[in-house]
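Every chain is named by a letter (A, B and C) in the order it is written, and numbering of its residues begins at 1.
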Amino acid sequence: MSYLSLENVVKTFNKTEVVKKLSLDIQKGELVSFLGPSGCGKTTTLNMIAGFLEVDGGKIEVDGKPVHLLPPYKREMGMVFQNYALFPHMTVFDNVAYGLKLRKVPKTEISKRVLEALEMVRLDGYEKRYPKELSGGQQQRVSLARALVIKPKVLLLDEPLSNLDAKLRQEMREEIVEIQKQVGITTIFVTHDQEEALAISDRIAVMYEGRIEQVDDPASIYNHPKTDFVSQFIGEVNHIQGKVLETYENKKCKMHFFGNEQIVSVPSVKNSEVHFFIRPEKIQIALAESDESFQTRVERKMFLGAKTRYILKVQDRHLIADISNTVINPTEIKEGNSVYTYWNPEDLLPSRMAR
Amino acid sequence: MSRKLPKYFFNFVCLLVYIFLLAPIVVVLLSSLTTTEYIVFPPEGLTLRWYTELIEHPEFMQSFTLSIIVALGTAIIATAIGTLASLAFVRRQFKGKTAIVQLVGSPLLIPSVVFGVALLQFYSWIGLAASPLALILGHIILTVPFVMRLVVASLVGFDRSIEQAALNLGAGPMKVFFQITLPIIKSGVIAGAIFAFITSFDDLTVALFIVSTDVVTLPVRIYTYMQYQYDPIITSVSSIMILFTVVLMLIIERVLGVGKVFSSKN
Amino acid sequence: MQAGIGTEHDLLLQQKKKNMNKKRLDTWLLLLPTLGIFIFFFLLPLFFLFMTSFKNFDASTGVGNEWTLQNYIKFMSDPFYLGVVWRTVKIALLTTLITIIISYPVAFQISRSKGRARNYLTLLVLSPLLISMVISWVILLSNNGVVNTTLLKMGWIDQPLTLLYTELSVVIGMVHVLFPYMVLSIMGSLEKIDPSVIRASQNLGASSFRTFFSILLPLTLPGVFAGSVMVFSLSVSSFVTPAILGGPQVKVMSYLTYEQVAVMLNWPYGGAIGFLLILIATITIIAYSKILARSEKGVAIQ
C-alpha cells in the first residue's frame, strides 16, 4: 500500500498539457527524486502535491485520503524552496516556530521542538539571528528545520541546493539524506542535477515533457535505462549502430560492429540495423588485438585524475572511452596511436531509435 | 589650481540653491519670535508671545485639531483601501485593468482647483454638508495615487514563495496577509500613510471649496486670516505646521531611510 | 466503476469552478473600496461639472437650464482671457526653465554624495514638496519684507520694490515648490549612467566641460525632459502659489476658475475654464509621451 499516490494527474496551462496523466506510488519513508530538464513538469507536479496549483484531472492521495481538493494550508506537507523563502521579518527561532504557533502548540513545547529542530540541522545558537544575517547554506538549513518541525506527512524539496556553491551543495545533500533517514519521512526531491539524484534517492522518477519516463532505483536507472531519453539524460553515452547478421532463439542475434562480430541479446530481424548506447566507462581498450576487439585510432586524450578520457576514431565515427588509470597507464598511449577497442555485449543499451 | 576653480564655483551655486530652499523656513521660524506687532525679519527681540497668543485664538486650535483629524482619517482610509487595490493591481488579472489603473492615477493630472470645484458642486447636489467626512473623501482622492505608487513598488519585488511557505506551514490566506505579507511590505505602507497624512494636512486648494464657517482646516484658516490681517500670529502658526511636518519627515528618514522612500517614489 | 470516476471528475470540476469564482470575487472585493470612492467622489463630480460647463449662467441659481457652447466661445474670443492663458503658460515656461538650470548642479552633487550627507541633502531638496512654505514668500517679498528691508539697509535702493503680487513672485514661489520634481527626475537619469563611462571619457583626455556637454548632458536629457513635463503641467494647474503670491493682480487660469465659482458664482463659466485648463495640461503630457515614444524608437534603431 503506497503512502503518497498520484493517479492520472493532469495540469494544463493555456491549453497545453504540461503534466500528462502522471501516476506514481511512493512508499512511506521513501525518498523519491523528480529528475528532468527544465520544463519537464517536475516543479509543476510538486506544486500540485503541495496545493499551490490545482490539478486539472486525476487525484492525489496521502495515506489513503484524497488531498487534491484541499487548500495548501490543510495538506500537512513541509516544503523547502529553492530560494529558501524564509520570513525576513522573523528571527530564526520565530521562522521555525511559525508552523507550531499556527497549530496552537503550548509555548514550552514550541521552544523545545524548535531547539531540537535547530540542533538537528546544526544551527543551535542561531535562534536570535535574522535570515539576512545567515549564509545561503544556513538559510536552507533553517528552511529545512521549519518544514520538519511541524512533523509533516510528506517533505517536499524544490531544487533546494541549486542556489548553493558546489562544495556546499555536496555537504548539504549528504546532510539532507542523513536527516531524512533519521526522521523517516516520505520525501520528494525535485532536481535537474542527475548526480544529486543518483546520490541521494531511493528511487528516481525521470521526467520528460510532462511524463514519467522511468521510475527505478538509481543503479537500475543508470544501468538499465528503459527509454532513449533516460539513456541520454542520465550519464554520458556513445551512440553506435550495428547490422544483424543472424538471429537465434532466446532473442539473441549475431551482430556486426566495425568489422567485428558479437552475440547480443536483443530481439531483432535479420539484416536490420540496430542502434545501441554504450557508456564511456564500459568501453575497454587494449594494446594487443583479441577476437572481440576492433582497431581504433586515439585522436585525443584527456587526463581526468583517476581516469583518462580517450577520443577514439573508428571508420567515420568517434567513440568516447573513460579508462581507469590503474587499468591502463595513460603514458603508454599517445595521441595518434592505434589501440584495440572492445566491450562486453551485456553493457550495450539497446535503443529504440531505429525501431 | 585652475582645475579646482570650476569646482568651487559649482559648489557655490549649489550652496545658493540650498539657501534658496531653506530661506523661507528659517525666515518664518525666526520671525515668529519677534516682539513687534508686525512681521519683521530679522526679528526684533526674542519672545514666545505669538505662540502663547495662539491659545487665545481658539479658532486656530480648532482648525489645528480638525486638520489632524482629517489628515489621520485620510491617511488611515487611503492607506487601507490603496493597499488592497495595489494587491489586486500587482497580483491579479482582471478585465479593464488599464482603465482602472489610469482612473486611480489621474488625480495627479487633474488640477486640484477643478477637482475642488467639481466636488463642491457634487456635495451641494447630494446634500453633503461641510464636515470632516466631506474633507476626508476629497483628500482620499488626492492621496490614494501616492499610497498606491509606494505600495505597488514594494509589492513588485515581493518573493511569492515566502507566502507559499506560510500557506504550506498551515496559515490560511488571512493569516498569511496579516502575519507575512503586510509586515514585509510595511515600509511602503507606512511611507504611503505618512505621505497621505502630510498631503491632507497641507492641502489648501480642495479644502478651500469644501469648508464652511465652522469647519475650517488650518491652511484655509491661515489663508483667510492673511486676507484681513498680517501679524506674527501667521508666522507662529506656520512655524507649528513646519515643525510638525519636519518631525514626520525625520520619522520617515529614521524608520525607512529617505533613499528608500525616494527611490520607490520615482 | 465508470460512474465512480465520473462523479470524482465532476467533483474536481466543481471545486475548480468554485475556486475560480472565489478568486474573481476576491479581486473585486480588493478593488471595490477604491473604485467606489473614485467613481462617486471623483469621476461623477468631474462629469457633472463638465455637463455644467455647457449650461448657461443664471444669476439666481448659478446654473441655468439651457445647453450652450457660449462659455467656451466667450473664453476663446476675449483677449483678456486669452491673455490669462498666455500668462499661465508663460509663468509655467519660465518656471520650468529656471528649475532646470538650478536643479542640474544640485542633482549632480547629490548623486555624487554618499551616506548621511546624501540622505539629508535629499531630504532638504524634498522639503518644499512636504512643507508648504508659500506664506514665507509673502514675508520675504512684501513691501516691508526681508528682501526690501535688506536692500534698503544696504542703500542699493531708495524705495521698496514691488515684488509681491507680480509675475516674478509667482515664478519664485513656483520654482521653490516644483524644484523637487525636477531634481528627482534628473537624479534618476544621472544614477542610471555607468560611472565608467565618465571615467572613460576623462581617460581619453576630455576636460570636465567636454565630459559634461558630450556625455552627461545627452544621457540625462530624458530625465530633464520628463522633469520639465511634470513641472510644466503642475505649474499650469497650480492654484495655491499664484493665489497667495499673485492674487487678483496676477490672474492665472486656476485663479480664474476659483474666482468665477467662489466670487462670481458663475459655475458654468468656472467649469469651462477648468476643463480648458485640464486640456492644456493633458495636451502637454500627451505630446510628451508621443515625443518620448518617437525618440525611444530612434534609439532602438541606432
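Simple rule for what comes next: contacts are C-beta pairs under 8 Å (C-beta built on N, C-alpha and C of every residue); 3 or more make two chains touch, one makes a residue touch a chain.
Nothing here was measured: the structure is a model prediction, and the numbers come from that model.
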Inset, instruction - Examine which chains touch each other and state the graph shape they make (line, ring, star, complete, other). - result: complete
Inset, instruction - If you tally contacting C-beta pairs, which comes out ahead, A-C or A-B? Let me know. - result: A-B
Inset, instruction - Quick one: report the Å distance separating subunit B from subunit C, using the average Cα coordinate of each chain. - result: 16
Inset, instruction - Measure off the straight-line distance from the CA centroid of subunit A to the CA centroid of subunit B, and report it in whole Å. - result: 57
Legend entry - Geometric centre distance via CA averages, subunit C-subunit A, whole Å: 59
Inset, instruction - Note which residues of subunit C are touching subunit B in the complex, please. - result: 23-24, 26-31, 33-35, 37-38, 41-46, 48-49, 52, 102, 105-106, 108-109, 118-119, 121-128, 130-133, 135-140, 144-146, 149, 176, 179, 184-185, 187-188, 208-209, 233, 236-240, 244, 254, 257-258, 261-262, 267, 270-271, 274-275, 277-278, 281-282, 285
Legend entry - subunit A partner contacts - residues on subunit B that touch it in the complex: 159, 161-162, 164-173, 175, 179-180, 183-184, 186
Legend entry - For the subunit A and subunit B complex, residues of the former touching the latter: 50-52, 71-79, 81-83, 85-89, 98-99, 102-103, 143, 146-147, 150
Inset, instruction - Over in the complex, which subunit A residues touch subunit C? Could you list them? - result: 54-57, 59, 68-69
Inset, instruction - Enumerate the contact residues on subunit C facing subunit A in the complex. - result: 8-9, 11-12, 15-16, 19
